[in-house]
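Take a look at this one; I'll ask things after.
In this document, chain identifiers A, B, C, D, E and F correspond to the written order of the chains, with residue numbering beginning at 1 in each.
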Amino acid sequence: MDIVLIVKSIIIVTIFAVSLGIAAYETYFERVIAAFIQDRVGPDRAGPFGILQPLADGGKLFFKEDFVPTLADKWLFILGPSISMLTALMSSAVLPFGDTLNIKGQLIDVQGMDVNIGILWVFGIVSLGVYGILIGGWASNNKYSLFGAIRAASQNISYELAMGMSLLAVILVSESLSIKAIVQSQHGINWHIFHQPLGFMLFVTCALAECNRTPFDLPESENELVAGYHTEYGSMKLGLYLFSEYINMFISSAVIASLYFGGYNYPGIDVVHDFLIKQTNDVTGHNIATGIGILVFFLKTFFFIFVFIWVRWTLPRFKYDQLMNLAWKWMLPLSVANLIIEAAAELTPMPFLASWVGLGILFLAYIIFRPLFLKRKLKQNLQ
Amino acid sequence: MQYLELLKNMSLVQWAFYFLSVTTLFGALGAVMSKNTIHSVLYLVLTFFSISGIYIMLNAQFLAAVNIIVYAGAIMVLFVFAIMFLHLKGDHHGFDNTIFVSALTAVGILGVILTLAIKKAEHFRVDVNNFNPKIGLIENLGDVLYKKYLLPFELVSILFLIAMVGAVLLAKKEK
Amino acid sequence: MQLTDRSKKTDKSDLTVIEKTYWPGVVKGMGITLKHFFSKKATIRYPEQKRYLGPVFRGHHILKRDEQGRERCTACGLCAVACPAEAISMVAAERVKGEEKLYREEKYAASYEINMLRCIFCGLCEEACPKQAIYLRHDKFVPVFSSRDQVIYGKDVLVEDLNDRYERDAWTKEDMAALWQKQKD
Amino acid sequence: MIQNQEIVEDLVGHFGEKVFAFEEPYGLLSFSVSPADIIEIVTYLRDHKLFKFNFLTDITGVQFPENKGLEFCAVYHLHSWKNRVRLRIKAFMPAEKPEVPTLTGMFAGANWMERETFDFYGINFLGHPNMKRILNIEEMDYHPMRKEYPLEDATRNDKIDALFGR
Amino acid sequence: MSKVNIVDAPEGFEGSGFFATSLDKIIGLARSNSLWPLPFATSCCGIEFMATMGSHYDISRFGSERPSFSPRQADVLLVMGTIAKKMAPVVKQVYLQMSEPRWVMAVGACASSGGIFDTYSVLQGIDRVIPVDVYVPGCPPRPEQIIDGLMQIQELAKNESLRRRNTAEYKALLDSYKVL
Amino acid sequence: MMEKEILAPKTVGDALALNVPLEEERELHIMNFGPTHPATHGIFQNILTMDGEKIVSSEQTVGYIHRAFEKIAERRPFYQITTLTDRMNYCSSPINNFGWHMTVEKLLGITVPKRAEYIRVIMMELARITDHLICNSILGVDTGAYSGFLYVMQEREKVYEIYEEVCGARLTTNMGRIGGMERDLSPTAIKKIKDFVNNSMPKVMKEFEDLFVRNRIFRDRTINVGPIKVERAMEYGFTGPNLRAAGVDYDIRVIEPYSSYQDFDFEVPVGHNGDTFDRFMVRNAEIWESLKIIKQAIDNLPGGPYYANENHYYLPPKKDVYSKMEALIYHFKIVMGEIDAPAGEIYHAVEGGNGELGFYLISDGGRTPYRLHFRRPGFIYYQAFPEMIEGLTVSDIVPIMSSLNVIAGELDA
C-alpha cells in the first residue's frame, strides 16, 4: 500500500484520538483549574491527583440507566446528542496541527485534509452543531429544555455573523480560505493578532458564544433553566452532549491559535529548522522541526483552553436580551468596522501601521461620539 | 442481471452520487410527507446537506460550504426556531386526496419541463479534454463575480439591503 | 424618607466610557481569579487531615464516669426534659449492694438511650445535668448510619470506655472561664 | 416624641366608645376595637397628620378558649416611623363567627399575614382577594394553631411519651 | 455459509460470578468516584452543604462537585433539611425521576427523622416515602459528617454489583415504598 | 377557571412536563419554577404564566417547609425556644437567638450586663455579615459567577470558627442564654475576631466588590432589574436592607436601639431606586458598617460578668449545684422550665439579617409562652415578588429572588 496513504490514515486516526482524549481531559482540567481558581484542590481521590476522574465519569455514565421520557420524541431525542457529537468531531478534519512530515521523500501534511475552503468547512460544521442542541432540547418535551434550545439557536446564529465578519478580515489578509495557507501566511512571528487585535477579541468572544461557555452559557444556564437543553438527558446521552461541548472548546481554541496566533509557527522557526537539519539530516531534522511545531501548536491551544476555563469561572452570565444587543449592536458593527479598517490598511504601503492607526481612530471616535449618542438617547427617553 | 453488472462496474464517484441523490430525494419526500413540522424541517436540512454533497462532487466546494452555512446553518435554524416558538405542532393536516392529486400534477409538469430542459442541455456537454477542474473553486468564482458580473452583483446586494430594511420596518412594532 | 441622621447613599455612579466596553471589568476580574489560581489552597483534605473543632465543640455524647470508674448518671431525667428534640429516654433503677463500684449514686440509669437522628446537638442536656454525667465530646462526632436500626445509642456506646477516657481542658463553664482568665494573664 | 397619652386622648376624642380596653404593657400602647371598626381606625391612624402610623408591622391571631364569646383575637401592630411609636390593636371575635374585614386594601403586605392567620386559626378576613391556606396543604381540614389540636405528628413512634409531660 | 458454532460458556462462570466481578469492580470504582449529587436543600443543612462545596472542604475531591439539579443526571439525592408533608410528594417525584443507579442520603436530623420538629406538618423522616441509603446525624451536620456520608455512599457504590438494580430484592424494596 | 388550571401541577414532574398552551389571544404558557429549582434556594414554587420569555403573571406557593414553630413554642419552656429560633433564619441564627432572649428578658425584667450586650452585638453583627455574604455571593452565583461565592465562603468559614470557639456549633449556634451569654469570649475567640475584622475580611470584601461592582455584565444584569418604589415597598411591609435599598433609612438598631447599639457609631446605607443592584450595594455597605461596629465593640469590650446575676433565671454554676441546696433547686426549676414568668404581652423587634424580626409574646404566667408569634420579614416581603417580576424574563427573576434574600426557613416558619 501507498506509504502516503498509510501515514495519512495514521495521522487522521491520531487526530481523532487526540481530540477525544483532549476533550476527556479537558473535563479534568476544567475541574482542577476551577478548583485552583477557587482556592480548592479539585479531584484528588480518583487515581493519583485524580487523574482518572474523566474515566470514572465516563464509566459511570456508560452504565447509568438509559432513559427516554415518555412524552419525548424518541428518535430525535437520541439523534440530538449524536448530531452534537458528530459535528464536533468532524470539524477537526481540516485543522493543520503541524507542518509537513517527510516520509520517504514525500512531504505529508500533519492535517486531516487540506481543502481550499478549510475555514468555511469549520464554519459550516459549527453552524450545523446547533442542530444537536436544538433537536435535543425540542425532543425532550420540557419547557426548560425548549428554552435552552431556542436560546442556543438564536445565540449561535447571531454570533456566527460577527464571527464570520471578523474572520473575513483574516481571510482578506492571508488571501486564502485554507487554514493551512492562513497559518503559513503567519510565518515566524507575523501573527494576525498583532495586525488585528480587535478582530481577535471579537473572534474570541464569538468563539465563547458558539461554544456556549460562560458568559454566554445561556442554553444551559443552570440557575435559570435547571440544565437547559439537556435537562432531560441522563447517562451517556448527557455524556455525549458534555463531551461535544468540550471537543468544541478544543476545536475553537485550535482555530483561534491557527487564525490569530500563527498555528504551529513560533519566533525563530526557520533558525530552528535549519539548525536541526544541520545537526542531523534533511529528513530527521525536518521531522523534528515539525514535531516542535506541533508541540507549539498544542501549547497555544492549551493556553486558549485555559483561557476559556478561566473566563468561565470569573465572569457573570449575560442575559438573553443583552446577549442579543451585544451581538447585533456591538459585535456586528465592530466586526464590519474591523473589516473595513483591515481592507483599507491592505491598500496602504504599510498595512501593519495603518491597521493600528485605523483602530486608534475607531477608538477615538467611540470615546468622542459615545457621550453625544447617549445624550440623544436620553432625550428620546425623556420624550 | 444487466443492472447488477452496472452496479458492479460503478465507480466510487458514481456510488457517492447515487447515494447522495437517494438521500436528497428521501429528505425531500420526508419534508413533504412528514406530519410533524419539526420533522419536515429536519428532513429539509438533510436534503440541503446532500445537495451540498452533490455540489462538492461538482467541484464547487465553496458553493457547498455556503449552502450549508447559509441554508442549513442559518435559515433552517431560524425556521426551526420559529416553529418551536409558535407551537405549530398540533397544527397539521392529513395527506388527503386533493393534495395528492395536485402534488402529482405539479410534479408531473415539473418532470416534463425538466426532461425537456435536460434534453436541450445535452448540447452543452462539457469538453472533457479541456475541462478546467478548478472551475467551481473560490478563486474562479471570485474572478467571475467581481469582474464579469460586477454590476449585477452589486445590484443584487442593494436589493438585499432594501429587503432587509423592509423586513426591519415590518418587524418593528408600531408605537 | 429620612428617619435618621445616619443615612449614607451607596455608590451608583455611571460607568465610564472605557468601562462600558466591558474590558476593564473583565480584565480586573480575571486578574483576581488568576491571583487566586496561584495562591495557597484553603482545603482541608478531610479524612486524612482533621480540623480542630474548638474547645467546646458539641459532638458525640458520652456518659462520663468519675475518677474511680463509676457511672455518674443518676437517672434524674433532667436531660430528657431539657432535650428539645425529645431524643433521650432512660429507665432508672435502684443500686443494689455490691454495685457501688459501678454506680456513684444510689439510683442509676438501667438503660439510657439517645436517638442520634433526633438529636440536634444543642448542648442543653450537658447544661442540664446536675451530676456532670453527660457530655458532648469536643473531639469526635457521631458517625453516619446506613441503617435505621443503628441509630439509637444505648449505654454500650454512650458510657465512657475506661481504657480510652475522654479528657477535655475544662469540665464546666466556670472552669473554662478560669482557664481563659489564666490564658489572658 | 409623642406620648401614648396623646394618642389615647385623640382616639377617644374621635372615636369615643369604639376604642376601649387601653393598656400599656411594657410601654406599648394597646387597645381593642370591635372587628367591624378596624378599617376605619387603622385608616384614621395612618392618615393622621401627627401620628402617621404608616407601617403595618404585623397581623396575627390569638385564641383564648377561656374567654367565652370572644375566643379569637386578631392582633395588629402598627408603627409610626417618624414618631418612633408602636401601637397594638386587638379585635376580638366569637368562635362561631371569627370574621374581621381585611386590610389588604390599605396595606398590600397584609395579604399573606391574613392568609397565615386564617390558616392557623380560621379567622376569616372578609373581602380578602384570595382567602385560602398558605402554609399548610390545602387538604388540611382543621386550623392547627387552635389550642384543641395536638402539636405532635401522630405517627412518631420513637419516644417514650411518659418522660415528657408536655 | 458455513455453520457457525456457538461455543458454550464454561461451566460455573455464569451469573454475577467470575466474569462480572472485575467489571463490577471497575464500574463500582467509577461510580463511586463520580457521584453527582442532587442537592435537595430545603433549610439549614443546605447552608452547610454550601460549606461542603466550599474551598475548605471541597467536595470536588470526591468527584462530586457537579451539582445536577436535573434529577435525570444525578446519582445521589442529598435531602438536606426539613421535609414538610407538603414537600413529601415532591421528594418522591424527584426520586422517581432519577435514573438507576441512584442513592439517597438523608442529611441532618430533620430529613432523617424530623428532628425537633415533631409536628403536624413535618414528615418524620424521608424514609417514610423513599428508601434511604445513608443517614447523617447532626443539626446541621458538620461538613465533615456530610463528607463522611458521601464516603459511605462511595463504599456502597463500590461494592454494589451491576445487577443489583435488576434483582427481585431491589424491586421488593422499591415496592415497599410504593415507588414503582 | 384559569387559576384552577394553574394550580393543577402538584409535583415538579407534572409541571415540567406541562406543555399546554392557554387558549388566549397571545399564546401564553405556564412554567413551573420551583420548588426544587436551583434558583429557589429555599423552596417555594412560582408558577409563571409567560408570553415567550416574558412573565405575564405569577402565583406563589409557599409552605414547603412549614414546621409549625409557633405551635411548638407553645409547648416548650422559654429557654428551649432558642433552638427553634436558631432554625428560623439559619443564615443569621445568633440574631434570632438574641432577639428572642431580649424579648424574654424584657418580660422577666432582667437587665443584662454591658459585657454581655457587647458580646451579643459582636455576635449579631458577625451573623449579619454571614447573612449578607451568603445573599450577595449567591446573587453572584445566580448571575453565573461562581468563584466570588467561594472566596467569601472562606470568610464565612472564619466566622463559623469564631462561633465554634464561642459556643461549639457552626450554624445553629444556641449561644445565648436568658440573662446573658452561655460563655464568655475566650482569648482565642477575641484574637480570631480581631483578625477577622482587621485583616482578612476587609481584604476579601474589597476583592469581592472588585469582582462585581464595576463589572458591566453584572451591572447590566442587576441595575433597574426589579426596582420597587418606596411607597410600594412600605405597603408591602419591606424592612431591612431591601427597604433601605429603596431609599428609606429605617433601621431598628438606630430607631429603637437595643443591646447597647446606641454606643456605636455607624451609618445606615441607603440605595437609590430599590433595584437588585441597590440591594446588593446596600448589603455590601452594611457588611462594612458591621465590621465597623464589631471593631468598636471588641476594642471597647467592657469587663465584668457576661450574664445577669439572676439565679432565678440563669443556671447557677455547677459547683454550687453540688454544694448549695438553693442552687440545686434553681437548677432543677430552670431546667424543668418552671421559672416564674409574669403574665404579659410583649412585642420586641430586632434588626435581623433581612429586616425587622419581631417577637410577639403573650405569657399567661405558665412555663411556656401562651402565644408566640414571629414577625418574619421574609414572609412579609416575599409577597411583593409577583409584582416585581411582572414583565421581566426568567433570567431576571433569578437575581431578584436571590437579592431579596428570602430564607425559606424563615418564610415558612
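Note that contacts are C-beta pairs under 8 Å (C-beta built on N, C-alpha and C of every residue); 3 or more make two chains touch, one makes a residue touch a chain.
These numbers were taken from a predicted model, which means no experiment stands behind them.
Novice: How many hops, at fewest, get you from subunit C to subunit E via touching chains?
Specialist: Graph distance in the chain contact network comes out at 1.
Novice: Given the touch definition stated above, what is the smallest step count connecting subunit D to subunit E?
Specialist: Minimal hop count between subunit D and subunit E: 1.
Novice: Give the label of the chain whose average Cα location is farthest from that of subunit A.
Specialist: D
Novice: Counting contact pairs per chain pair, which pair wins?
Specialist: Result of the pairwise contact count: C-F comes out on top.
Novice: Quick one: point me to the chain whose Cα centre is farthest from that of subunit E.
Specialist: Following the centroid criterion, the farthest chain would be B.
Novice: Indicate the whole-number Å distance between the mean C-alpha point of subunit A and the mean C-alpha point of subunit D.
Specialist: Once rounded, the distance between the two centres reads 63 Å.
Novice: For subunit A and subunit E, let me know how many angstrom lie between their CA-based centres, rounded off.
Specialist: About 37 Å, centre to centre.
Novice: How many Å are there between the centre of subunit C and the centre of subunit F, using C-alpha atoms for each centre?
Specialist: Distance between chain centres, rounded to whole Å: 22 Å.
Novice: What's the distance between the Cα centroids of subunit A and subunit F, rounded to whole Å?
Specialist: 45
Novice: Any chance you could list the residues of subunit C touching two or more other chains?
Specialist: Where subunit C meets two or more other chains at a single residue, that happens at 1, 3, 20-21, 26, 29, 32-33, 36, 41-43, 45, 53, 81, 84, 86, 115, 118, 120-122.
Novice: For subunit B, write out the residues touching at least two other chains, lowest number first.
Specialist: 85
Novice: What are the residues of subunit A that contact at least two other chains?
Specialist: 34, 37-41, 44, 222, 226, 231, 313-315
Novice: Note which residues of subunit E are touching subunit C in the complex, please.
Specialist: 55-58, 61, 109, 112-116, 118, 125, 127, 132-139, 141-145, 147-149, 151-152, 156
Novice: Would you mind writing out the residues of subunit F in touch with subunit C in their complex?
Specialist: Residue list for subunit F touching subunit C: 76, 79-80, 82-84, 86, 145, 147, 151, 154, 157, 161, 164-169, 172, 174, 182-184, 186-188, 207, 210-211, 213-219, 223, 230, 247-251, 254-255, 266-272, 277-278, 281-282, 284-285, 315, 317-319, 321-322, 328, 331-332, 335-337.
Novice: Within the complex, which stretch of subunit D touches subunit C?
Specialist: On the subunit D side, the touching residues are 81-82, 158-160, 163-164.
Novice: Quick check: in the complex, which residue numbers of subunit A touch subunit F?
Specialist: Residues in contact with subunit F: 34, 37-40, 69, 71, 141-144, 147, 214-215, 217-218, 221-226, 231, 313-322.
Novice: Which of the residues in subunit A come into contact with subunit C in the complex?
Specialist: 33, 36-41, 44, 310-311, 313-315, 366-367, 370-371
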